[in-house]
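Both complexes below contain chain A, partnered by chain B and then by chain C.
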Partner chain A sequence: MVAAEAAGFIALGAGIAVGLTGLGAGIGEQSIGAAAIGAMAEDPKFFGKGLLMTVIPESIVIFGLVVALILLFVF
Partner chain B sequence: MLKPEKMVRVVVVGTNDALDQTIESLHKLNLLHIIDYVEEEAGFKIGKPGSMASKFSEYLVTLRSIESQLGSEEGSGFDKKILAEELSPQIEPTLSELEEEVLKQHDLMRSIETELKQKQDIEDTIKSLALLPLSLEDYTGYQSIKVFVGFIDSNIEDAIRAETNQYELYTGSIEGKKIIAVAVAKEKEDEINKILQNDSTYTEIRPPELTGNPQTALEEIAAAKAELTKELANAESELIRLKQEYAEFMLASEEYLTIETQKSEAPLRFATTDHAFVVDGWIPLNKYDDFEKTIEGGAGNVYVSRLEDEEVKDVPIALDNPKPAKPFELLVETFATPKYKEIDPSLILFITFPLFYGIMLGDIGYGVLLGILSWIIMSKVKSGGLHELAIILMYSALSTIFFGIIFGEVFGFPLFNIMHHGMVEGGILGIAGPNIGMLHLPIHRFAEVKPLLVMTFVIGILHITLGLILGIRNVSIEHGFKHAVTGKLCWLMILFGGIMAIVTAMPAILWGDILNTQDPIFVSGIVLGIIGIILLVKGEGAIAIMEIPTLLSNIFSYARILAIGLSSAGIALAVNTICRDVLFAQGGVFIVVGILVLILGHTINLLLGIIGPGLHSLRLQYVEFFTKFYEGGGTKYNPFGFIRKYTEE
Partner chain C sequence: MCGLFKTPAYAYITARVRARKRKLIPKETYPKLLNMQLPEIIRFIEESEYKKDVDELSAKFKSIDLLEHALGRSLGASYRKLMDISRGEVNYLITEYMRRWDVWNIKTVLRGKYYGASEEEILNCVVSAGELHYPELELMAKKESIGDVIASLEHTPYYPVLTKYEGGMLNKIEDELDSLSYTRLLDAVGGSPGEKFFLKFIQTEIDIKNLKMLFRLKKAGVEREYVQNILITGGLELKESDLTRLSGLSFSELVHSLDGYSYWRSISDVVSDQMTTLMDVDTKLDAHLMNYASQISHYYPLSILPVLDYVLSKKIEVDNLRVIARGKELKLADEIIRSHLVM
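Right after this comes the complex of A and B.
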């Protein structure tokens, strides 16, 4: 019973870690994405740089995922 | 390799009578990166453009405006190139002829379009009027009666009746809107108009000056419209015919005119006196002998000399890599052109980019599809950025197949038999994975998350270490070794000190074991890290301490190599499970649905699989790797010349 509860909490924690960081990355990306599209409208050469800048906040999700993976597989 | 091509500064000096011949040779050689002469000093002036320059650029402007009107596209070259000397006398007459034709068709199209618009407006009006029981001539042409027509929502009759009883009201409705026609005596026109205008729901309709039954009029208009549409289509197909007929001429003459404009405007970049000219620029070192021979071998008094002790500033950068690594120059240039003394990382990207990509996607099926896709692009597009991207994709596809074998995955299905929760799940090959040395295939990604996670961190540490080592090299060449120690080496010390300390302390952090502070590895790690921090503070000030955690986040960032892979394998697995265990098990029509889900699911996953691993692999290079050593900011080598596609001399 206790083990099952612990497993449940670990799963919850993993979900929260990925979910909240996903939200965070989304909030970060929205303004960068908008600015990148704006820059691209001025000069299509910004496509590469804009795309890169836009994916930078995605790191946060990766950290969340690392935390989730550690929770699920290491503990 | 790893360094931009060696360049040498050259000066070409000659007398003015040899100017044209020299420009001709320079352009044909396509080697000299000209440094524009900007200041007028000591008797030197900026040269004057050739006599034909304005004529050529005028033609070019005309030609480009015609091309944009016709929507011409660039082709990939002709089977047979057109001779420039045959083309040049044709340009003026053909161009004016073409311009006239295109303008004529455009004017025609514009007038047809205007007429169509008018007919459309009349048609809309008559459609509304057709709901009233009146002929078209009933609305206008009276001496003592005024007819108001319009849409209205409210009931207006009472208000009219209050004003006059000499009126006639007709109503009808279309799509829920009410339409009315009110005929009143002319002397009451202003009052009734006021009543109608004061009603906010009233929109007036102006009846066209036509006669007869609305239905008949509608049919006539429809016929006229069909006729106009046909004329418009004729004009359009005439434009398409022009575009096809003159396609070759336009491409060839644009190239010819561009080249001639370049040549005749070249003196604007030279320094000249009354009798001589001087051209300053850079060429690749290994081409110098050819260059000297060709230029001095031309007509007249022209001499080439090289400036040996010129300080290396603003050297144009021509990247120099072995052929297989060439396409990766595109990725480096997208970030920034390297400086002359900097390491050119294209060759490193050639190894690491497909490696990361392959580990992320790691599926034989997707790898084969990607390979086919890139092969198709490569054979369709023969040059330019897309071609190079396709080559990069091809390397990535090969790497994906290789790691697909290691992970034992084909479209998410297992390649070899695997043990799954104590049960054997049959693979496609139906055999157990082979052992290669110590490695037992397949490494199932879902079962081996922990070791794979550790592997990604090791990859990250190695990649960042390589970056820092390159950083030490770049900084010590540009600013001296002392700066390299306080700027880059200290980071390497912090990195390895930190790793040694954290790895030995890990059991204590995770499971609450007792930390052995006497452990020599732990102690030397701490010491190394502290020395690194001291050097860092010495070099960049105390604020740099704030940056230390980025090292940790940089390494964690490499976990995406596993994470992206797990998500793509997870989607594939989910699609397969839905189809095999849920839909196919039901039989009947569900098998068709299952096949659709299978195709759709894997297509989406493949698209994500191109974008995701590509972007993230690139990001690891740009953000985690390049920031350790790469500054960029060089000028790209752009030699004076042109690569002819459509014409020849």
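Right after this comes the complex of A and C.
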């Protein structure tokens, strides 16, 4: 019973880790993406830089995913 | 939470205006242009961001006229583009700011009709940058009389002011139109940090407009009552009481009573009792406004302020190019042309 509860909390923690970091990345990306599109509309040469800037907040999701994987497979 | 959804709209438009501002002619280029002859200047402008406008108008106009029209058209097109690519709050603020061009166009058409100018002459002077699109302006220019022009503007916010026109000189309704555009703009500004600076900028702009008018009217020795009626209230430093006081002074007294205001630092080296031309004061005040807009645009990058900075910089670039081209055409000395450039 206790083991099942612990497994449930671990799963919940893993879900929160990925979910919240995903939301955070999304909030960050909305402005960066809009600005990148704006810059690209004026000068297509910004495509590479714009794409790079837009995916930078994605790194936080990777951290969330790592935390989730540790929770699921290490504990 | 609301600000969270506003941010991308500002991020998009500010990225675009910053990219556009980078394409403007840098101030280091103006001395080079001063060293060129008129045909070289025209070629330089033809090969710059104005190429499209110059190409399209080249069949209709030549030389300096082509340049004037291409610059005016480019200015209108850039401002209209800003309205087209923005939405929501930012679009509302830009539209309200651009109403000054509606006022400019209405005044141009009315003046044209008053002095019996041809339709083409009127259309050459309009800048289609506001809410009134070029086809509407064309229709207005086609009208027979001032009354018909006013009737065609029934659906606009300017109509209540225009109906006050009872014939004769247009200056009274022109002043009221100017006041209306500023009143509407001041009412449109909200309370976000960026908009607070925007409000401050508009108030500074009103102060500068009032100062220019005060210098002109006092130099011409115009009476206090007239001066007082023509000035626009709502400024930042020149409050209503200041305007009342300043409008009662002579030119010499006016010059000596401005040292308490922050604008004095910008104009002190060109202002004196014996000054013969007011052009230097205008240039210095415009430069003050441009620098102020550029400065505040960095305070809140995701706000209307970078848009404002671009709008002003573009207008000044067009004005500077006009000054250089016209100055060269009239064979003015480089020093005189340089003193009229806003940098």
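The definition used in the following text is that the second predicted complex is superposed on the first by the 75 of 75 C-alpha atoms of A that agree within 3 Å, B and C clash if a C-alpha of one lies under 4 Å from a C-alpha of the other, contacts with A are read in each partner's own complex, and residues count from 1 in each chain.
Simple rule for what comes next: a residue touches a chain if its C-beta (ideal position, glycine included) is under 8 Å from a C-beta of that chain, and two chains touch if they have at least 3 such contacts.
These numbers were taken from a predicted model, which means no experiment stands behind them.
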Chain A as common anchor, with chain B and chain C clashing or fitting: fit
Chain B versus chain C as contact partner of A:52, first or second or both or neither: first
First (chain B), second (chain C), both or neither touched by A:41: second
Per-pair minimum CA distance [chain C against chain B, superposed on A] in Å: 9
Touching residues (chain side chain A, partner chain C) in the complex: 27, 30-39, 41-43, 46
Residue ranges of chain A touching chain B (in the complex, touch as defined): 48-49, 51-52, 55-56, 58-59, 62-63, 65-66, 69-70, 72-75
Contact footprint of chain A on chain C as seen in their complex: 4, 7-9, 11-16, 18-20, 23, 85, 302
Footprint of chain A on chain B - complex, ascending: 334, 449-450, 453, 510, 553, 556-557, 559-560, 562-563, 615-616, 618-619, 622-623
